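Structures are listed in the sections that come next.
In the two assemblies presented below, chain A is common to both, partnered first by chain B and then by chain C.
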Partner chain A sequence: MNAPFNISSYASIRGRKVTLNGQHLYEGSHTEFSEFIKAAYKALGVKYPKFFKMDNLSKLAFLTAEVLLKNENLNLEADNNIAIVLSNRASSLDTDRAHQASIQDKDNYYPSPAVFVYTLPNICIGEISIKYKLYSENSFFIFDRINTDHLFTSASNLLETGKADQVLCGWVDFDSDSYEAFLYLVSEKEGKPHTNQQILKLYNT
Partner chain B sequence: MNKVYVSHNNIVSALGFDSTSVVEKVKSEVTGLGLVENKALHAEPFFSSLVNTEQLQSAFRELKPKEKYTRLEQMMMVSLDKIIKSSKIALDERVGLMISTTKGNIDVLDANSPFPKERAYLSELGKVVKEFFGFKNDAIVVSNACVSGILSVALAKRYIEQNVYDHVFVVSGDVVSEFILSGFNSFQAMSNELCKPYDKYRKGINIGEVAASILVTKDDSGLPDEAMVILGEGSCNDANHISGPSRTGEGLYRSMQTAFREAKIQPEEIDYISAHGTATLFNDEMEAIAFNRMGLQEAPLNSLKGYFGHTLGASGLLETIIGMHSAHNNTLYKSLGFETMGVTQPINVINYTRQHNIQTFLKTASGFGGCNTAVIFQKLAQ
Partner chain C sequence: MEALKQELKENIIEQLNLEDMVVADIADDDMLFGDGLGLDSIDALELIVMLDKNYGIKLTDPKEGRAIFESINTMAAYISENRTK
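Right, the complex of A and B next:
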């Protein structure tokens, strides 16, 4: 069966590079993620002070979505029914470890709500939804590696049932020593055909 | 489009290890909540509903495990085993496995845990469950805060609609851990009394633990008496705040709109609402607003948190299963802990257990990250 939907655009942040539709937007030389993502945020001209309160996973997901959605020139006064389906391997473990460190020692006990709230992977979906006023379908999944079958199935269902007009899909993973974000938009708009192979091809380029 | 059913089901909880006996306890207004003194979990005594460890270990031994498994894995596997057996479905390529949890084996991050830290990865939990039962497909792990349990029922239906699977076994679970208790305590969200959803004097949540499992299937043969059809579902975001619900109930309202649109029924046709009702000030108020916007203020409604506490990623599935039995028994169960109306919009909280014809019910849940889910279930045509 031919999929009637297309991948209209895609973006990635990995290996200190930010790309949109295969074009380089920014490349950093920082070894620390926190420095790199801050520099990328500035270089891309983003102005959103809440960004600095986010955990690493949310920063990564938010900035990748920002690159993709800014380019869409959405009218934020209108309803944009863009669903969000994200996935990763490490869930929110980076922040989970920070929360665990704050409670491990009973003599030095400092759990914080500002950290604890980020101990859920879907918080980054909330951050993107708030920025772009997306009152739409959303779900977060965990897999060992990118599962294009799953992303394809989820996006197809949301579009075919009319629950969403577009779906922001992809992989956003942050672990202690690695990070990788790859997001793409699927809809009836023009683009590359929405197939398993195509998703994998774009992810691998 | 073919119908999708919720079928064989199980609950492993403080109130028992199978759905029927758990529902009997709910019918008798017995709560699983009690004061727990356990300094390894929390410095102060706290109200919780814990799975009995001896009973769990004994039930788990019957599965003849060859390795060591975490408490959560044991709960999930004891629960899932029951429905795999009762459904008599062979685990072939057309059978999916979905696992929903907020924190999985997060307790292994503790320095004193005997398990390797890698066990905290949720895909590891998926592998453990998959391999234990011999599923052919990799587990789909859903981690979407406190809507995970009910969302996984909706997602299983979508997998069947897309013709990826014929049947999906869903298992949900979370355990009470120091990680969770310290976090909610830092939010000052925990009540130092039994929780009182929708009550004027509510003080916050009690955290509890369960594992629950259900078969979602397109096959209408071999369904148990309490099986129901999934009529419609939606899962929308508040786009408002990451740790507080929307004051207008926007995401929940939109989730219900989506579910009703797909179900092709009117709000008047809802005989019962199994709501989220965490007993925090903001959640309960937000729900009352959303139900009023939807025209559901007269539908009888309860929160089951007074029986189990808030069981996080499992709560939505646990409460769906009780809802199915509620419909099968044509009984509305008392919303335990509720006495005096404590929300500003009118809602019809079930204040005593009684017989009531239930054909169709609505299950809702909301969680951090602004997520909400609504699913509508209907009895099978006679």
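Right, the complex of A and C next:
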């Protein structure tokens, strides 16, 4: 059976590399994520000051989405029925720890509102939605590892039921020194067949 | 007072992650919100925490913040009069 939908493009950030459709866009030598992602942001010519206020997970998700969606040359007023389905393993644990550290000592109790607002993993979807003016369906799932079957089913349902024209899907995980983002866009546009096997193949590329 | 203003500018840039800004970019009478530095509601909450943590000032009524956080000048004046540390 032919897949009715296609993966029109995909992007990843992992191992100090940023790629789009299999092509390397940027490679850094930084060992710290904060330094790497800042250098990548500047090298890729992104202009969005709010980026620096985001937590690590949102920076990772936002920049990967930015690489992918910028290449789509979207009309922000018309092409905004893009649903988002993301997933990861560590939820918002990195930021949860930072918040916990700020409330650990009762005599030095100064929780940061700017940290607290990122103590949910789906906030990164909000950051992407704000930039691209998306008022669409979205969800964030937690799995031990990328669950291509679940992503495939979710995206297919959204497209088949007309809830979205396109779906931005993938895996965005950040925990301590470990980070990995892999996003792809599914729609009726030309591209690679949207199948479970194809998602896994692109993820492993 | 000038030292306090300098300190406030440095703290605002660092704690509010104003990455592309330096102290010289902030004039003493620049509006911190709206058309000035463009700070948002979360930044306002961070400023309230900063008053408490750095200067021992607890704002019991968040509405007070509107006048206090208007500019570096208004912040410095309020802190000078009310600081406990």
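A few points about this structure:
In the analysis below, the second predicted complex is superposed on the first by the 203 of 205 C-alpha atoms of A that agree within 3 Å, B and C clash if a C-alpha of one lies under 4 Å from a C-alpha of the other, contacts with A are read in each partner's own complex, and residues count from 1 in each chain.
Just so we're on the same page, contacts are C-beta pairs under 8 Å (C-beta built on N, C-alpha and C of every residue); 3 or more make two chains touch, one makes a residue touch a chain.
In this text the structure is predicted, and so the values were computed from the model without any measurement.
Bringing the complexes onto one copy of chain A puts chain B beside chain C with no clash. Of the two partner chains, chain B and chain C are each touched by A:117.
After overlaying the two complexes on the shared chain, residue contacts for A:136 are found with chain B alone; chain C is out of touch. Of the two partner chains placed by superposition, only chain C is touched by A:52; chain B is not. Looking at the shared chain after the overlay, A:78 reaches neither chain B nor chain C. By the touch criterion stated above, A:104 is placed in contact with chain B alone, chain C being left untouched.
Across the overlaid complexes, the C-alpha centre of chain A sees chain B and chain C at an angle of 80°, to the nearest 10. In the superposition on chain A, the chain among chain B and chain C reaching more residues of chain A is B. Least inter-chain distance for chain B and chain C in the combined superposition, rounded to the nearest angstrom, is 7, based on C-alpha atoms. Taken together, the two structures place residues 111-113, 117 of chain A in contact with chain B in one case and with chain C in the other.
Across the complex, chain C meets chain A through its residues 16-20, 42-43, 45-46, 49, 52-53.
Chain B makes touch with chain A in their complex at residues 43, 102-104, 106, 109-111, 120-123, 126-127, 138, 140-145, 151, 155, 158-159, 161-162, 164, 178-179, 182-187, 234-243, 250-251, 254, 258, 262, 367-371. Within the complex, the chain A residues that touch chain C are 38, 49, 51-53, 110-114, 117. Those residues of chain A whose C-beta lies close enough to touch chain B in the complex are 84, 89-91, 93, 96-97, 99-100, 102-104, 106, 109, 111-113, 116-117, 119-123, 125-127, 129-130, 132-144, 147, 149-150, 153-154, 156-157, 161, 163.
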